[in-house]
Amino acid sequence: MNLLVQTLVAGLLLGGVYALIAVGLNLIFGVVKIINFAHGELVMIAMYATFWMWTAWSLSPYISIFIITPLMFGFGVLLQRFILQPMQNSSPTIKIFVTLGLSVLLQNLALVLFGGQYRSTTFPWAEQNFSVLGVTATYGRITAFLVAIALVIALFYLMKKTLTGKVLRALAEDRETAGLIGIPVKKYYLVAMGLGTAMAAIAGVLIGPFQSVFPLAGAHFTLLAFVVVVLGGLGNMAGSLIGGLFLGAVETLAGTYIDPALQQVAVFAVFIIVLLVRPQGIFGGSARNAEVGLK
Amino acid sequence: MLQVKNISAYYGDAQALENVSLAVSESGVVALLGPNAAGKSTTLRVISGILPAASGSVTFNGEDITTASPQERVELGLVHVPEGRKLFGTLSVEDNLLLGGYCGRKDRKTGSRLERVYERFPKLKERRNQDAGLLSGGEQQMVAVGRGLMAQPKVLMIDEMSLGLAPLIVKQMFSLVQEIALEGVCVLIVEQHVQNALAVSHHGFIIESGVTRVAGTAQELMESALVRESYLGH
Amino acid sequence: ASSSSSDSIKIGAFFPVSGSLALLGEESWRGVQIATDLRNAAGGVADKSIEMVFADVPDVNAATSEARRLASDSDINLAVGSYSSGLSLAASEVFARGGSTFVELGAVSEAITDRDYENVFRFNPAAGSFTKLQMRFITEHLAEELGKPVSELNVILAHEDSAYGQSVAENAVIDAAEAGLVNFSLEPYNAKSTDLSSTVLRLKAKAPDIVIAVSYAADAILLGRQIRDNGLQLGAFIGTGGGHSLKGFHDALGEAADGVYDVDFTQIHVNEEFTPGITEFTAAYEERYDSLPASGHALANFTGANLLFDILEETNGSDDPEEFRQAAQNFKLEIGTTSSGWGFSLNENNQNELADVYVMQWNGDQLETVWPEQAAIRAPLPATPFGV
Amino acid sequence: MKKKSLIWTLGLVAAAGLVPVFTSDQYILHVCVMILIYVGVTVAWNILAFGGILSLGHAAFFGIGSYTVAILYVKMDVNPWLGILAAMVTAALGSLLLAVPLLRLRGPFFALATLAFAESLRLIAIYAVPLTNGSVGITTPPTQGFALISFSSREPYYYIVLAMALIAIGISIWIYYSKMGYHLRASASDDEAVRALGVRTPRLKLAALVISAALTGAFGAFAAMYLFVIDPETNFSTPLYSIQPALNGIIGGMGTVAGPIVGAIVMTPLGEWLRTTFSGTTQGLNFVIYGVALIIIVRVMPGGIVSGMKKLYRRFRPENRSDGTAPDASGPIQPEQELANSEGGRS
Amino acid sequence: MTNATILKVEGVSKRFGGVQAVSDVSLTLQHGEIVGLIGANGAGKTSFFNLISGMHYPDAGSVAFAGGDITRLDPASRARRGIGRTFQVVRPFTGMTVAENVMVPLLVNDSSVRRARLRAMELLDELSIADLAKKPAEGLTLAQRKRVEVARALATGPKLLLLDEVLAGLNSREVIDVLPFIKKVRDRGVSILMIEHLVSAVMEVSDRMMVLDRGSVLVHGLPADVVSDPRVIAAYLGEED
């Protein structure tokens, strides 16, 4: 029983990380319509930044996050402005390959700059254990989890209630018409990409204290984040949260009770099965909605 | 107020406009007519800035806006309601309207503008929270025009305004256009209902194969042999 | 037919310096470079200078491709490599089938020398050496220290599932049985996992006395951290080279890493009398790269490259495969005579039988050799792994 | 146009056939073999692309093919030629596992499902040690001979894979210009509309998937014999056999007949060249350059090399420029085609 | 069902979420008959077409065609049995030329690409768009695309043709040119069901007309009767001014 509870807790905490990474991706995928295969690399960059700020200036991740996040927002804006925007009119497939190129580039740039070493941000507070009834978790993971939830709520509010959110949703649907009615499309794409990148950055900083960083540290997250986004429903931030938690739980449960070597297989299997049952994702709207939204 | 001089335009390598000129004044309805593929929609696209003019000029209130962005033009009051309505289907009716008012959002009068649109289209008020994509064609056209009005246009260009609308609605749309024009807006309509269109407009232009062929008052056009022959079929 | 030009010997060198194996691939290549430069500075081999022709082999396809490229160079009849078992299997296969010589200096999978290729050699210890030493250490030292008879010790080997982990695990099963560890089991996990909660929870459920781990870098750190976070108490924890030798492992875990054992290629904190030449190596490394070696791989490759040069000295600089094989078969060195402490004597599979690994223990940020005695700089200390 | 392209094609085939006459450099031949393997896989991948279906999981079929031939040969002593045929069958059967996703998911969603599918197979190949030897993989025995598809020099491999690639290209051209090609291309544009016209698209897409998978399996099997080491990390490698063929196809011109061929011919040597040129300098630099090159190529020629070249060509022949007609659609080279007809791929 | 009956729809209903798009609609169509379908926007006309062509399945009711029940048949099989349709929002196959667009349905029953090409040209000629044959379909104007749509539907060799607002976007002159063509198609033995808002045009070609209102049949009868029916005037046509 305790094993089950502990497994579930571990899974949900892990799922929080997935959700955190996935919401940013969701924004980019949903609005800018780019399958960003470099999303994991954005996380990786933030992890390096966290590490260096901690090692060089002893800046705690929970402080440096306020520096890194805006910087990464800017980085996202630059990426959009100089790499993605000129491609905006190309077919989605073409754009995929630009981001793939970007991912190869960033991974290897990190290798060129920092070498293959594994670096860890060892922030003691984050490593302390919090334990209730024999179930334990570190502060670092709990923080990441809570921030994920807060962020998703914030983003949900942003998309549904604010003008910016409505504009982003309109862009997601039909960018040409949005431009026609006077919305500065390019500016909002910069915003969306910047926000998405900032989300990735927040994720990177928060996992810094418990995940080592190396050039390929982010690569693994990209596919998982896509799985989460698709499961949760495109453009659905709450869906990403729940999808992330769900997958985290599936992964650890499968690992503990089936075989750790097969835990990823279980995740992918669940992904494909869910898609078959509900192609629009668990929390996607009605089929009609999904169709309109994804045109 | 809006003056289009000798524009030409291309889609890739294919020329769509060769030499189109037109001018509209402060208010009233102006009809832009022509057979299929003449370049009417293309002309509107050039005017609203989504398609660049290869040559020629577009001026608005004396200002040359040939290279201005669509946003700048909307801010100036040049608003385009595209063919096929092009609503944001997953957004509610109200959100669609609000986005139409994006450019004027800073004056904080969006609320009252919204109310006026609802007054004009009470049906939309009923459906304000419904996803626009689920409306019927006629309702969608209302939202499209309403969205255009939200931008407080000085010139409102409506492409294929009555396409796919029930006769009842078509009638409503035509009288609506007249009403809008009475409020000091110039409405430029592209229409296939030539007779109805000329009946409500005071001016008209006929484009054929990317060239302005005829320009004149509605009356003149109604009486011209060309129009009777090629558009009215009698 | 050797066609090396009279004044230099060209040797192919395959290491992954990009991609996921880049870290230790680069370390291994550094070891070879240092050996080459030192030897050339000292006059080369049989009055010829050594020229390493390098090829980056991030994955197996690249390894095959590069092996073909170098093998088709008529001046290259001999190659070294490759750090990773998978890459080695591919590159050596190309060389062996082409009739040229391949000398492995760092990869451990038994399969490399088990294929009975006449011209494929391994100078470094194989997976079996790791597991044999681990079992010996458990039966001869830890059992007593933990106060349990060998037959009652609960030992689990957690391993990543790449060729390296798999190969070690296969040997461990055999060696554990031989050593009388009846209570021995395996826990495989995926090398690219970003979370090892499940593995740790399973371990916890099985309450082992000793955990042996076969890990690369990221997973070694992750496993350590999650053991600590879950409060999994162990009598001893033994790494198997790879990630557990890296300085980054200690950096990430800090004091919690102290007391963790690790069986690996010789590291720099070792009885220097047993490893003649190691100080020169360390000095040369520090001078070139401005830091200490990240793990034992640089040294192992350094030692291996020097052995290779010594054998080439015997053939008078000829890299003819047949001559090389004869010379290598006849070449013998006592244990304790090389910079890694290894001796040299090839078995019928061309595996160097006198290459071995040692037990080390983390202490501060040093990985100190503690067992067996002739290599040790201190005795193994009892400790609570990961601070729990 | 038709005649001209026929002459071109014959010329190219003849040139390809003559490569070993001009060089016996084993490395160059090796690169040529790799190019042809990629031509084959990309052409196979592209059959789905005709139907607007983006697969990022062809490594699955490639790996199934490799493992089929290797397991049959090494563990059951089945002749590798038969093994290649068996590989086509197993890859085709394996592709049926994707049948339901294929029919239910669209655009990027199917692509992601294929990606996950191939990753799963890789993990399963690692896990199923008794069958696959796990990560250690399978090495084919060195015994040589035509019957065993094992030779000491590259030439025979080259001719075998050249023949296979030509067959694959032939099949792909045949499909493109047959009923199936028209229906696939129409389905790429609007699946619902094409069904309303009487085309049974589920069957059609499934056929494309199975053919594509079987061909990919054949090349996977050949590659297994050629590279003799078969392991999950390589033979089910997403970058090598899922992404790269897609990349070749897109860079060449997705959904066109010539595009994937051109793409594979350009991209394979580029990667080789970068690696050999920059290896030994700064680690990873070659991939940095590769990444940059990729971004630039895709940006400069978003429709792929083939249509990029056509545009250039037309630019230099102004008399062709504004006659308003589309390029002749009956030639083997098609005007640029996009996978999804709209933004972001519809779901 | 008599021999001359080609289509028999009985009591079909369809609901989308909160909207009852079609409710209990029945219609019988005889061989060689043209029936005009009119109704306000959102009345359910297109949805009714979708039920006949198989894009959607009815929640209740049945559809029989040429003597067999097809209520559960998929769209492709219905097309093969002889139901051709156009889409209100035209859907040309992009990336293909106009001729190739028309070849797609022709290749369903005939594998010869050459024959299909010839036949496609004939059809395009009939619709007077032969000059567009080699143009990419995406570069056409709306009206041109509508014609391609009709050509494509005809190319399926239909016994029943469902035309969804194919006259929309044409001016009066062009409409006058097209109407005889529709009659000609009918004279070849094709039954036609057409949705159109251009009442004068539908009246001219239709044998009967049916008016839908909020999903249900409002009036069904001879064209002259239908357009003078006060309910139709109130709900659809509006008072004459």
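Per-chain residue numbering starts at 1, and chain names A, B, C, D and E are given in the order in which the chains are listed.
In this text, contacts are C-beta pairs under 8 Å (C-beta built on N, C-alpha and C of every residue); 3 or more make two chains touch, one makes a residue touch a chain.
Each chain and its UniProt protein: A, D = Branched-chain amino acid ABC transporter permease; B, E = ABC transporter ATP-binding protein.
Predicted model only: the values in this text are computed from it and were never measured.
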Fewest hops from subunit B to subunit E - one hop per pair of touching chains: 1
Distance in touch steps, counted as few as possible, from subunit B out to subunit C: 2
Which of A-D and D-E has more C-beta contact pairs: A-D
Measuring from the mean C-alpha position of subunit A to the mean C-alpha position of subunit B, what distance in angstrom results? 42
Cα-centroid distance, subunit C relative to subunit E, in whole angstrom: 75
Separation of subunit A from subunit C, taking each centre as the mean of its C-alpha atoms, in whole Å: 37
CA centroids of subunit B and subunit D: separation to the nearest Å works out as 48
Scan subunit D for residues touching two or more other chains and write them down. 123, 126-127, 283-284, 286-287, 324, 338
Hunt down the residues of subunit A that sit against at least two other chains at once, touch-wise. 108, 111, 115-116, 174, 215, 259, 261, 264, 288, 293, 295
Quick one: which residues in subunit E touch 2 or more of the other chains? 16-17
Which residues of subunit C touch subunit A once you look at their complex with the stated criterion? 18, 20, 22-26, 161, 187-190, 192-199, 201-202, 204-205, 217-218, 221-222, 225, 228-231, 243, 246, 248-249, 251-254, 294
Which residues, counting only subunit A, touch subunit D once they are in their complex? 29, 33-35, 83, 86-87, 89-94, 96-98, 100-109, 111-112, 115-116, 174-175, 215, 223, 226-227, 230, 234, 259, 261-262, 264-265, 268-269, 271-272, 275-276, 279-280, 290-291, 293-295
List the residues on subunit D that touch subunit A in their complex, please. 54, 100-101, 104-109, 111-113, 115-117, 119-120, 123-124, 126-127, 243, 246-247, 250-251, 254, 282-288, 290-295, 298-299, 302, 338-340, 342-347
Within their complex, subunit B touches subunit E through residues 11-12, 14, 33, 35-37, 41, 83-84, 134-141, 160, 163-172, 192-195, 229-233
In their shared complex, at which residues does subunit C touch subunit D? 17-18, 22, 26, 54-56, 59-62, 64-66, 68-69, 71-73, 85-86, 89-90, 93, 96-98, 109, 111, 115, 161-167, 188, 190
